[in-house]
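Below are two complexes that have chain A in common, paired first with chain B and then with chain C.
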Partner chain A sequence: MSFNDPHGYKKNLSSPYTGVKGWIDSRLPLIRMMEAEYLKFPVPKSLNYFWSFGGIAMFCLIGLILSGIFLGMHYKPSAAEAFNSVERIMRDVQFGWLVRYLHMNLASFFFIATYIHIFRALYFGSYKAPRELVFIFGMLMFLLMMGTAFLGYTLPWGQMSYWGATVITNLFSAIPVVGDSILLTLLGDFTVSDATVNRFYVLHWLLAFAIVGLVVFHVITLHMTGSNNPTGMEPQNWDETLSFHPYMTIKDTKAMVLFFILVAFILFYYPNIMGHSDNYIRANALVTPAHIVPEWYFLPFYAILRAIPDKLGGVLAMFGSIAVLFILPWLDTSKVRSCLYRPIWRICVLLFALNFFVLMYMGAKPASDIYVLISRIGTAYWFLFFLVLAPLVGYLETPRQPVTISNYIRDKKA
Partner chain B sequence: MSENNKPRRDFIKLASMTLGGVGAASLAIPFISSMQPGKDALALASTEIDLTPIPEGESLTVVWRGKPVFIRHRSQEEIQIAQETKIEDLIDIEEDSVRVQNDKWLIVLGVCTHLGCVPLGQKTTDSKGDYGGWFCPCHGSHYDTSGRIRKGPAPKNLEVPPYVFLSENRIKIG
Partner chain C sequence: MIKKILLAILFINFYTFTFASEAKIEIPKYDWSWKGFFGTYDRSAAQRGFKVYKEVCSGCHSMNLLSYRNLEDLGFSEDQIKVIAASSLIEDGPNAEGEMYERDALPSDRFVDPYPNANAARASNNGAYPSDLSLIVKARPKGADYIKALLMGYVEPPQGVTVPEGMYYNAYMEGHQIAMPAPLIDGSIDYDEGTEPTLDQLATDVTTFMAWAAEPYLEDRKRLGVKVILFLLVLFVLTYISKERIWRDVK
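Let's look at the complex of A and B:
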């Protein structure tokens, strides 16, 4: 170094590698970074298969972007042509049916993987300090995923596309004073129209890549703290960790192969099982389908929306149900992370998961009395869980003493 | 740099950042305006309709600004029910008389004020809800024979679009 650098601002240009690898690495330090973060990166050796779903979700995202690129080469984002261009993809474009079914079903499986991933975080306390930002970036991604999925569902311009878009954009009209002008700005017309589908196509792409950007932040923050594990205890020494490669790469590969066998099974045998047949009817602005339901992954939130008998209240409850997730790291007052050692909170979390499925079922049912009543109970528990139980149980419960990672593994083997 | 130069430098920093910020923010005006309905969409603002083919007790759906408009030729009984409804029973309080220009013709936007679905009740075979007007299948809002919200999550009555009677049986919406 030719000058004195007392603060160490200048980068280290010397690389641990030689030859072409060394030449590149000393100019673009990606190789040493990948080695540190992905090959030698230490993870707790007690990880179970729940820890594979982040990687699985990422592969779903990659598959969605890939299939989306090829779909985009044939799709036409206009009210006049959208529906027919999708039909053309299904009938005339070579392998178009496969590309589209892949995109459709991967979207669902992306949500499946993400929901399992979020459950993992809740159950084993992965949101707790010092991993708050990992969790918050994850929640931001979840929010963008929902936005991207909604925008994408509008594009085929079927009846469900059209009326789903109408109902969801109308949520904004619940905002006092400015609601109606926000709605006009969003739609670009007085109804969901040609202008709407055109901009939704652009925004669908934009949000998809914004998710990719957030994945980077999610991983950077994760690699600062390292992975949580079933015990919720930090590794005490080097022996309680394994290098990411080959241990996690091989384990995650196994989980991925099993997961994508399931994807393939649905993709090839029941490609429409997670969709709605009404979406193969062209959008009609004058007829609302008798049973308008969102995609399955929105159903719990849709049930919350319908549970509140007031328009603004329903919208606030729906957005609030996601907003409370963001502050969970500060709502949970317990010192212990993992549910394995928290007898009361564990029941609360399992009930929360059960409640999620109950709400999902209610969201698919018509808005009649008994279903609305159950939705209300479910909605109440959702908020009770975050706003009351998280602080209170952490305070009242006496957790068991978590075991170290080594002892956890010894006990499991015994 | 002497100490008494510092406030001046702070002022210049603040002033240039403010100006830069205001300049960048003003870009939002053309961008956001471009997202609003274009002149072509705004131009499709009026529709003329002949009412003669609609028999008493039946309805017609027409399109205005891409939205369905419900025109109902109300029967004497429907008019009576709408006019005699007690104000206390309403959610969004409006007399029937301010919602119609001619008692026989109720003209409202066919857009549920909850989340924008098209309520059922236009066809004679449709469910008309508990109050004889319309029923929204999406989230269960019931409207009466004056298009007023009576039950369900919708906050407001079906909107009455601006219209004028050109002659006894001809209207212009918009």
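Let's look at the complex of A and C:
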């Protein structure tokens, strides 16, 4: 231990490499770190393709940032020019249509990958100790993703952009005392306006890079504990692990290529299928669309918002529905992680996934009797799942004894 | 199972789904030359459609996201485009003396608006604003099918339905009332020999033109799509084989 290293974590300054590589590495131990974390890093042998979606989501993020940079070179963040500048990108900029459609559709695919990734965490108990922080950083990213997506959807300045922004920002006025000040600060005006699109553009960039920052924390915490796996058991020895490279790199690449075939199919042949046709009408403060609906990935939360008859209550329920995810690691009382060995919790999780789709469907429907009723049942189950079932099932259920990774693989081969 | 659900979700467009279940108006499906993996715009239909737009629609409807030079895509020659552009006057200036002046439009100009401003447009149309048509095909849930159906949807109102003064009955308009009088009838445009200007033909042609106007890069998009997907498929086969090889010895 030396004077500038009270905890001793810099003690091994002598690099394993020689030459230029060694010179750099002994001063900036990045090469060593990359080798340890991405080449030799041991991962459980038993990972299935659900584990590819984190990497896929990261590639979506990279694609969004790259395409976003090029869009930003041509986009004009003002109420007067935004709509036409997007159309100018589509029509007059070299491959502008490709960059714009890519940005638009990758946002949707980022959510698809992230939702599958979160489902994987729920199903196989990846949120449980010692991976609570991995999960919490993930949830923070999810929250920022929703913010970024919402801000970004305002920028093309179509009818849904404008009215979606009006409806969602108005939610803040439900907050007692400070609500109106928050709303005014957010909009920079009394309605969604020129000032709004300008600041939303800045915040859209800011949050996008904040997500990148959180990815770093997500990955650091993940690499401290190592990956979970379908059994939810930690590897017992080296034989139960594989090095990240080449085993995981090739497996994830294969999954990623398959995923991006799907992306390409939608991007090139149905680029507007996940959008709303009203957004090709320029924003007009005097004409309200017949149905104001958010983007598809917000629909479950929109359904929860509308399920509560009170405005403040609705807002609290909507934010609460995400807040409960943050404390899930402590709400779930079970000793066993994976749903493979938890017969009752498994049903609860699958119902949760089904309920997610039901709420998504309800969010797209008008707020009339039957749809509101179903939304309420769905909302009730959402909170029941986290606040009651997670602690209770953990106590009452008798899980089966999880098998070791080696036995799991042997059983699967048999 | 999960995979199936996810795929099903992907291919549902929640929004059109919503509209389809509420509005009971069935929009017919037509054949369009630009559908499918290798679809392209029918150039002669689009050229005729431009004629329809110029002689009928452009009296009230602007198309200000298009420039005259874009018409080259449809097969018009540079000289033809110069003549087309020059048939409209555009305000320019100020000149060196500080005066605004009118001049013939150039191929680089956007399509000249029929009205000087939105209020003038409303004043001439009973208070209704004729939409800009540049993106109209993308701005309606059923796109081209809806536009063609609407253009052909002027029928006698059913018994008992009264249409207020200044409005017209249309079978495909939401609420069945539309402020635009029937723009096209059989033979309302003179076509060159060989094409019969029936209502159906006129509607098909002008819709083709508007579909092109909304997405002039559609053909590039589809052509590139085939290449990208083929590339990814080959890449997938390679990664599949590599994965099998690398994992062969994993017990």
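Please note the rule applied: the second predicted complex is superposed on the first by the 401 of 414 C-alpha atoms of A that agree within 3 Å, B and C clash if a C-alpha of one lies under 4 Å from a C-alpha of the other, contacts with A are read in each partner's own complex, and residues count from 1 in each chain.
In the analysis below, contacts are C-beta pairs under 8 Å (C-beta built on N, C-alpha and C of every residue); 3 or more make two chains touch, one makes a residue touch a chain.
Since the model is a prediction, treat every value here as computed from it, not as a measurement.
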Inset, instruction - With the two complexes overlaid on their shared chain, look at chain A and say whether chain B and chain C clash or fit. - result: fit
Inset, instruction - From the overlay on chain A, compute the angle at chain A's CA centre subtended by chain B and chain C, rounding to the nearest 10 degrees. - result: 70
Legend entry - Which of chain B and chain C A:367 touches, first, second, both or neither: first
Legend entry - Which partner reaches more residues of chain A (counting touched residues only), chain B or chain C: C
Inset, instruction - Check the residue A:291 against both partner chains and state whether it touches chain B (first), chain C (second), both, or neither. - result: both
Inset, instruction - Using the superposition on chain A described above, determine whether A:310 touches chain B (first), chain C (second), both, or neither. - result: first
Inset, instruction - Could you look at A:97 and tell me whether it touches chain B, chain C, both or neither (first, second, both, neither)? - result: second
Inset, instruction - Working from the superposed arrangement, determine the closest approach of chain B to chain C, counting only CA atoms, in whole Å. - result: 9
Inset, instruction - Residue by residue on chain A, keep only those touching chain B in one complex and chain C in the other, then list them. - result: 290-291, 366
Inset, instruction - Write out the stretch or stretches of chain B touching chain A in their complex. - result: 32, 35-38, 41, 61, 63, 65-68, 110, 113-119, 136-140, 152-155
Legend entry - Partner chain C, residues of chain A touching it in the complex: 45, 84, 87, 90-91, 97-98, 101, 112, 116, 119, 242, 246-247, 250-251, 253-254, 257-258, 260-262, 264-269, 271-274, 276-278, 280-281, 290-291, 293, 296, 299, 353, 357, 360-361, 364-366, 409
Inset, instruction - Provide the residue numbers of chain C that touch chain A in the complex, in ascending order. - result: 2, 5-6, 9-11, 13-19, 22, 37, 65, 70, 131, 134-135, 138-141, 143, 174, 214, 216-217, 220-222, 224-226, 228-229, 232-233, 235-236, 239-240, 242-243, 246-247, 250-251
Legend entry - Touch list for chain A against partner chain B, complex: 163, 166-171, 173, 184-191, 193, 195, 199, 285-292, 306, 308-312, 314, 366-368
